[in-house]
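Right, I'll just put the structure down here and ask away after.
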């Protein structure tokens, strides 16, 4: 499938939430509330539900206690109820076997399916528009809640980066079944696809694939949350440093996406990005920016060296096995 | 027409360019090149064509010598060639009499029509994806050109705000014929619409209407250009101050749109905004934020007083007449 | 006294702390801890002691319950114990009647004196270098404590602005007895001094006088606290807005000092500034920048209008009396 | 000499200028004007004189054509003419053989001496307070000129870092003869001094020594120029990247000094820093922050890896010899 074959049919409206698996769930939830400054909106026996102050849905992050770190599932809200039904028909016609699941915490029925690289995707349309309790309400009528002003005080979920044993196949799945469009891609000199940045909104990317170094299935590279400005990313880095959170990379700028970022590991080991900046894509016929990674190349915008672990580590960690 | 009646049919992909009328065209062009830091890409007998460094089309601003300041036209690129044809059919069916026009400077054939409040809209699809000459090319493959690093160095066109004698009718035209969606609106206590902020992308707004204080037709409130960060808006304010450009309002924050802004008058008298920040709208069923302006209210976010001229002035200036 | 007569003798090393009088002391302390993000380090029957995270002394703000808002005293640390003694001798020789007072909360003996305009100044040298408890300690060895990351999270005290019935006399007192140097001044067209910005460090100002509109004695214009960047000032403005704190002026830029600021009233009515930016003065023979305020002039850098209350209000408020 | 032995006698008021030696002087001057945005104020047969827009003296950088890159000299302005004479007497008494030299470009007679590690220091007092020509004058009366708004648009010179074969001896020289005070220092585990950060103003440092890896004499680590904010450092990094200037390290934050920085090599090979942020020291009895570098340690604030060249490279480059 080439870019020219992208569906005109809109499917996903935006990334809705991500479920993270967490061996040390209590510490992970404390990280997201105290350090990232998200709000805990609900808890069940094994899961906690959290939100950024500008997320318009009830939650954007579900943390579930689990033996190993990694991804539970990622969920995209569709542009309409009809688009959800059409997507399920198309998936079924293409031979995928998913299932309808009850939503939780303000979300209606969803359809869950695993793509070829093993990641679980959920599609749903019904959702609750969050109304903050009085003490968290904002004077700004266009904000679901006021900033928590706590820790990094992230605004909202931004994107997910999935490690894939076959980036090309994963990209094609997202283009065909989520209505994703290719914004940028990373190739080896021989043309092998090792990274794909895709969008379902005007943002440069909402869903990203990176080649899994272990060629394993169903692994997570990172989940990203947004702050207002690059200054807020710098501020987050100091908060991480003072609280002993491991910063893997950044603050620095990605060539791809023009994003200003910092990567940190949450206590259960999943990689989390706090980001700002970047650019928007308006062209309906955008030509993807193509970058070729020469062997051994480990530098990017501003000549920032990229640590080896950024390419080697994903969750669940299989480095002990592989 | 209520929000629930908005068209599902996508028409406009994004704001393409604006034509400004300028009695002192030479000074206006100098302002946009030297002070805003845009690049002059072409000139004809009466017009100059300029671009921000991240605009992906050849130009986003046309300055045309004219006896009075004001708006020439605004142009939206459609999502496809088919969407353009469908839009023209719908306009014709609704009784609007437009005409097909040859595009200029990299833009294909467009269709121009005046809506009820007198503003000229152009719709087009064919366009050139700008390729910078070697000396202006960027090392970043996702940028059409490198930042000019000159003056305010604006990135791209952001939105247009039109003064309208009938905001409700203007809003309905944009919803019906441009596929615009209502993001926020401003009402008088009696429910009269005096402002409408609408989007055709994920940005909170691309096209805005504000009640024309003189109830005149075809007047411009402002055209806005984007910079990377709020710090860059502050930097722009110092540049304006040092070069003797009249700052009317800001830097400050709008309640509506959460935008950080500064307004300046270019030498021919048109109001120009340099903006950063704000928020994106992802919900396909976003509930517009409604603000009611109490009589005499002249303050907004952070308690910033709004100068009288911000409500009273538009171009062409009719204050001498009315 | 002209600038050329300034003492070569160093007296004050820096502004140490300010005592604010607060009718609603509990609300005032809550404002400084929760909204400004300072830390409460001690409390006595009528007073609370607070610090910014980078203040190297134990406290920089003392809040004392009192029937009316206003200034208790301001305290400057001297460059040495000898400088303190020499200053007391000079004050005594000049006819001032002060007294030695026991310091509190980590501060040694000080000498308190009222200058001609009624403000109480304290000079002291002995002081405790603050060592943060384990949970507030910073990984950065050059910081007394880690950032509280709470509310505006102000770093340290920056300067005090005192309202004076006779700016010239107040300025001369500071030059003669504190070793202050004049950085900038504000005059009326007839040459009357209505503002003086003075420094005892490399900062453009540590102590400022502004003409008291009521020509009253011993009134406070504002106390200022510092944040890292202009972005942090913008962030503070949102925090003030969301928490219902009255913003009087800003965020904006002062011509004088190049300071980026926002002014807010704390619950007891004292005006507080949060500031960033500005410039440093290194020249030992700096020529003060002189600004003349034309009658009715109410605009400054970036053409920002200055609200009337900024010139009219000081604490204690005498507008009901005068 | 310990910190307690520091002179109470003030000598240097501030860093005045630096002379850089440049094999490719034309390219170096073009870098400082076009990329850093400084202004060329004068030229002689072999030298060019440049200034940052807020430098109050005529120039802060002298670029002299020379066979090898490196330092010509650094010049400190003294607090007074008397302090200059006293410093010369003290140097002479200590056995240093300097000489009086005619100043150039607005600077009066200076005294030049080489300290034990070979660097040439100049002390002077007489200087011209720069008055900008009309087209470069600022509306702000406290600025020597308006911002050039060109390239990185650096404000002023900030500090110099000298490579020394004996950091302890170099530090003692600066304390004894420049009146410098120790702010922070870097030690090896065995107590060997390998870095000293010293101040003559309220800034955390104006003059810095770092151990010369080649144990050579008279080498330069870097010269630093200041911008307004961390955002401006990020902006500078993009400018360097687009213009092909080699970025060695950063943007990132130093533990020491809390400075936000980016290091770049100018065309003749000298390392240049653009910096913002940091902290001020007000305590007359400041206790230096001591950092110990464990063997192999190459990370700092935010876990940023430090490239090997940052420790290994200085000018003139002797790596080909040593």
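Each chain carries a letter (A, B, C and D) given by its place in the written order, and its residues are counted from 1.
To be clear about the criterion, a contact is a pair of C-beta atoms (placed from the backbone, for glycine too) under 8 Å apart; a residue touches a chain by one contact, two chains touch by 3 or more.
Quick caveat, the model's predicted, so the values are computed rather than measured.
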| item | value |
| --- | --- |
| Shared interface partners, meaning chains that touch chain A and chain B | C, D |
| Classification of the chain A:chain C interface as same or different, half of numbers criterion | same |
| Pair with more cross-chain C-beta pairs in contact, given B-D and B-C | B-C |
| Chain centre separation (chain B, chain C; CA means) in Å | 44 |
| Rounded Å distance between chain B and chain D, as computed from the means of their C-alpha atoms | 46 |
| Chain A, residues touching no fewer than two other chains | 228-231, 238, 241, 301 |
| Interface residues, chain A side, partner chain C - complex | 138-139, 146-147, 149-151, 228-229, 231-232, 235, 238-239, 241-242 |
| List of chain A residues in touch with chain B within their complex | 8, 13-14, 54, 56, 77-80, 129, 140-143, 155, 183-184, 201-204, 228-231, 255-258, 277, 279-280, 282-287, 289-291, 301 |
| Chain D residues within the chain A interface of the complex | 230-231, 234, 237-238, 240-241, 246-248, 250-253, 260, 262, 301-303, 305, 307 |
